[in-house]
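The following blocks contain the structures, represented as structure tokens.
Both complexes below contain chain A, partnered by chain B and then by chain C.
Moving on to the complex of A and B:
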């Protein structure tokens, strides 16, 4: 069975169980409409073109907030990872901010930026940047000292050692943190759109709740999940290409293929 | 003035229990194109000596002069080769060998030409596009050697480079190193813990005492090259040196 089919299997089972529960009236269909009516509603809204605006708004915010967080956390994480003495200054400050959940920033974001894109982007940025920063910092700390020595002895200066040795060394971890950061971005965008903006999927969901359109609420959830999954797949494609060299080095290869054991 | 001058080198490491004197007043000279082995009991500070010459450590006192200029920090005129090959796992054989050239900004055609030549030199034709983890230990060490040669260093600093390969591979690596040494006329400082290896390879052997390392003696190897088939002579000199070195 190929990968797509394997993955689809449980999704179909999940939808089937849900459809069954809704249809059998175990739960009021007003509270839990069956997936078939959510899908139908989706088809209607898409063909009327009402969803595209919301999707576009959310997607734009996620990408901008996420890219800003990368631009900030990658260089800073590498520098702090390479200079523990500098990191000592930053550590308490970062640790103070880290436990604050993204929604905790919403009041401040609205005060600063008002209702709109900028508030949402700020929340996405702040909600993802600390996790990625600490992850990249940790990965950089563990870069093999001797590999860097080899590079220096072959004539690399500081900048080239960072670009040609440190960055490739941390690449496998960076991809993991990118994927975590992206998922966090989607969590943040929906949370912020429920209060801080007037367009976007989160906004659509809150409106639907006010009108008791449960289908639309569920549809919004489905769209966020689907978009998040889609972008994650794209990152995984890039990861697969960039990290081709790790093929033959990973523990899961021992267990993945029964012939090797 | 010699090619490489080591003058009164002292090195002390600070640790929890105070300090550890590693090197005490090390002085010797190396001529251009010479193959010098450094030998001594394990933990005596052989690697520290190489690390000082490579410029990764600073001596407490003493000076290192290469072509009359004091060594200050690391540089590609003195390339260090470690016991582990330490190849970049994300680069292929070709990528590893051309690393230093790329860092230097050498043009692509020139890089290609140099890499091709070096791959032939270390007999790795057909493995250009393999990743390090797909190679045997001996092949990895060959790549490390080619990678070092690519930047055309004045001095090759080798820290027990053949210590972790099997005897057969070691024999072939030693022969190849000698061939490369002759072809390129490089100056080599070679740390080893094997008297046999030192006698087989080196023009002179710097023999260090146990820590803090001092120079016990510098031995000029009298066996004419090629030496690999002069087993009796090698064995006799080994015995002779072992007797001399008895504590």
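Moving on to the complex of A and C:
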């Protein structure tokens, strides 16, 4: 059985158990509607064309907020990782902002960026950037200095050492933090769409909550999860191609099906 | 050990005979009868064990009712109708407030009438009484809501003030005491009260879970009796009521709250009619907030109020 089928099997079991629990009234359907009702609502909204508008709006905000977070955190993370004395200046500031939940930024986001998309994108950015920045900084800090020394001995300058030794060394960790960052972006989308937007999955969920349409809330959760999973798969594909050189070097290959010592 | 057992049994018996009743309320001027009843121990006087619990939003009160954590709740009538249309087993048993909402603009905005709102951005809370009454007022003035104005949806009343002050929206559909505060502070102007379009329209209602109605009708009757008494108190003792409201709604000036309680701005009332419930439900259906209008007997139970009125 291939990997996708294995994952799908567990999803189907999960949906089956949920359907059974709801249909048999083990949990009141008011509190937990069955997945078939959620899928039916999805079909209704999809055929009315409403769902696409919400998906498009959220996708645009998440991708923009996420890309901005990468653009900010990748170079700064590398610089702070390579220059610990500079990092000492930044550290208190980063630690101060990192624990703040995205909704705490809403009033300031409105004041600074106005209402609508810009404020929503800022909230996604701010909810994502600190974790990615600290992760990339930490990964850069732990690059083996002997690798850089060898490079410099073989005639590389500092710029080449960064581009050809440091960046490839941190690449596996960067991909991990990208995936974490992407998940955080989707987690921020509901909070970001509290800011005077007219469309978006988060907006749809907030409206559904106000109107007690539990099916729509669950549908929104499913869509966010599905989109997040889809983009994560795309990042994994890119990771697979970019990090081809790591094939045959990883410990997990010694375990499970790849036990080939 | 024996003493502990006796104490345990006594506590159990007291809880069985006098069950605790939880009523979910928000911070709003028309919820004041519940603050008054709580403050002056009116429930205890009726032999009831009631906790009036402040909850941040209407949806959270309904969610607690759904879980049967609360037996009663107070929230705007559209919230009640939306919940009932989705099968939540609750019924409206009394009213608590009428009116008290309208459109707020900046003093220097140049907006003189509702018609001037054409092509303007208006802040509101989606699917709330403010959203419904705003759309209704626009329609009455010959504007088509979705076409002629741009709605910007917020989560909380407080969140709409900043964008209005910083001119990111030209108007805001708002409620008391924010309207009075804006006017008395000098930065805002009440363009219109929605009462101009629907005189004394219903706002917040008292709702009870069907299980509570069935299992404790006597207690429900006593709570409504207290509600009527508190409303009389609120209407006769506005200064004291304003002071009590400010204990629950931190950050408001009692003078502003007192002014917001004046009859020209809002009314605290317990009577509600099936006609006005149906009219609100019809508006909600027209604006896409509910799919079907529930039968009025599924939304409203006036038997307790009628019995109290006969006394």
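Please note the rule applied: the second predicted complex is superposed on the first by the 254 of 261 C-alpha atoms of A that agree within 3 Å, B and C clash if a C-alpha of one lies under 4 Å from a C-alpha of the other, contacts with A are read in each partner's own complex, and residues count from 1 in each chain.
Keep in mind that, in the parts below, a residue touches a chain if its C-beta (ideal position, glycine included) is under 8 Å from a C-beta of that chain, and two chains touch if they have at least 3 such contacts.
Quick caveat: nothing in here was measured; it's all calculated off a predicted structure.
Undergrad: With both complexes overlaid on chain A, does A:197 touch chain B (first), chain C (second), both or neither?
TA: Once the two structures are laid over each other on A, A:197 reaches chain C alone.
Undergrad: Contacts for A:30 in the overlay, against chain B (first) and chain C (second): which applies, first, second, both or neither?
TA: After superposing on A, A:30 lies in contact with chain C but is clear of chain B.
Undergrad: Check whether A:211 is in contact with chain B, with chain C, with both or with neither, and answer first, second, both or neither.
TA: second
Undergrad: In the overlaid three-chain picture, which partner chain does A:107 touch, first (chain B) or second (chain C), both, or neither?
TA: Only chain C; A:107 stays clear of chain B.
Undergrad: So, does A:231 touch the first partner chain B, the second partner chain C, both, or neither?
TA: neither
Undergrad: Using the touch rule from the top, collect the residues of chain A that touch chain C in their complex.
TA: 28, 30-31, 106-107, 110-111, 114-116, 194-198, 203, 206-207, 209-214
Undergrad: Of all residues in chain C, which touch chain A in the complex?
TA: Touch residues, chain C against chain A: 58-59, 62, 66-67, 79, 82-83, 86-88, 123, 125-128, 151-155, 159, 162-163, 166, 168-169, 289-290.
Undergrad: Which chain A residues qualify as touching chain B in the complex?
TA: 144, 146-147, 149-156, 160, 164-165, 168-169, 171, 245, 248-249
Undergrad: Can you list the residues on chain B that touch chain A in the complex?
TA: Spelled out, the residues of chain B in touch with chain A are 54, 56, 74-76, 78-80, 82, 84, 86, 88-91, 99-100, 102-104, 131, 133-134, 147-148, 150-151.
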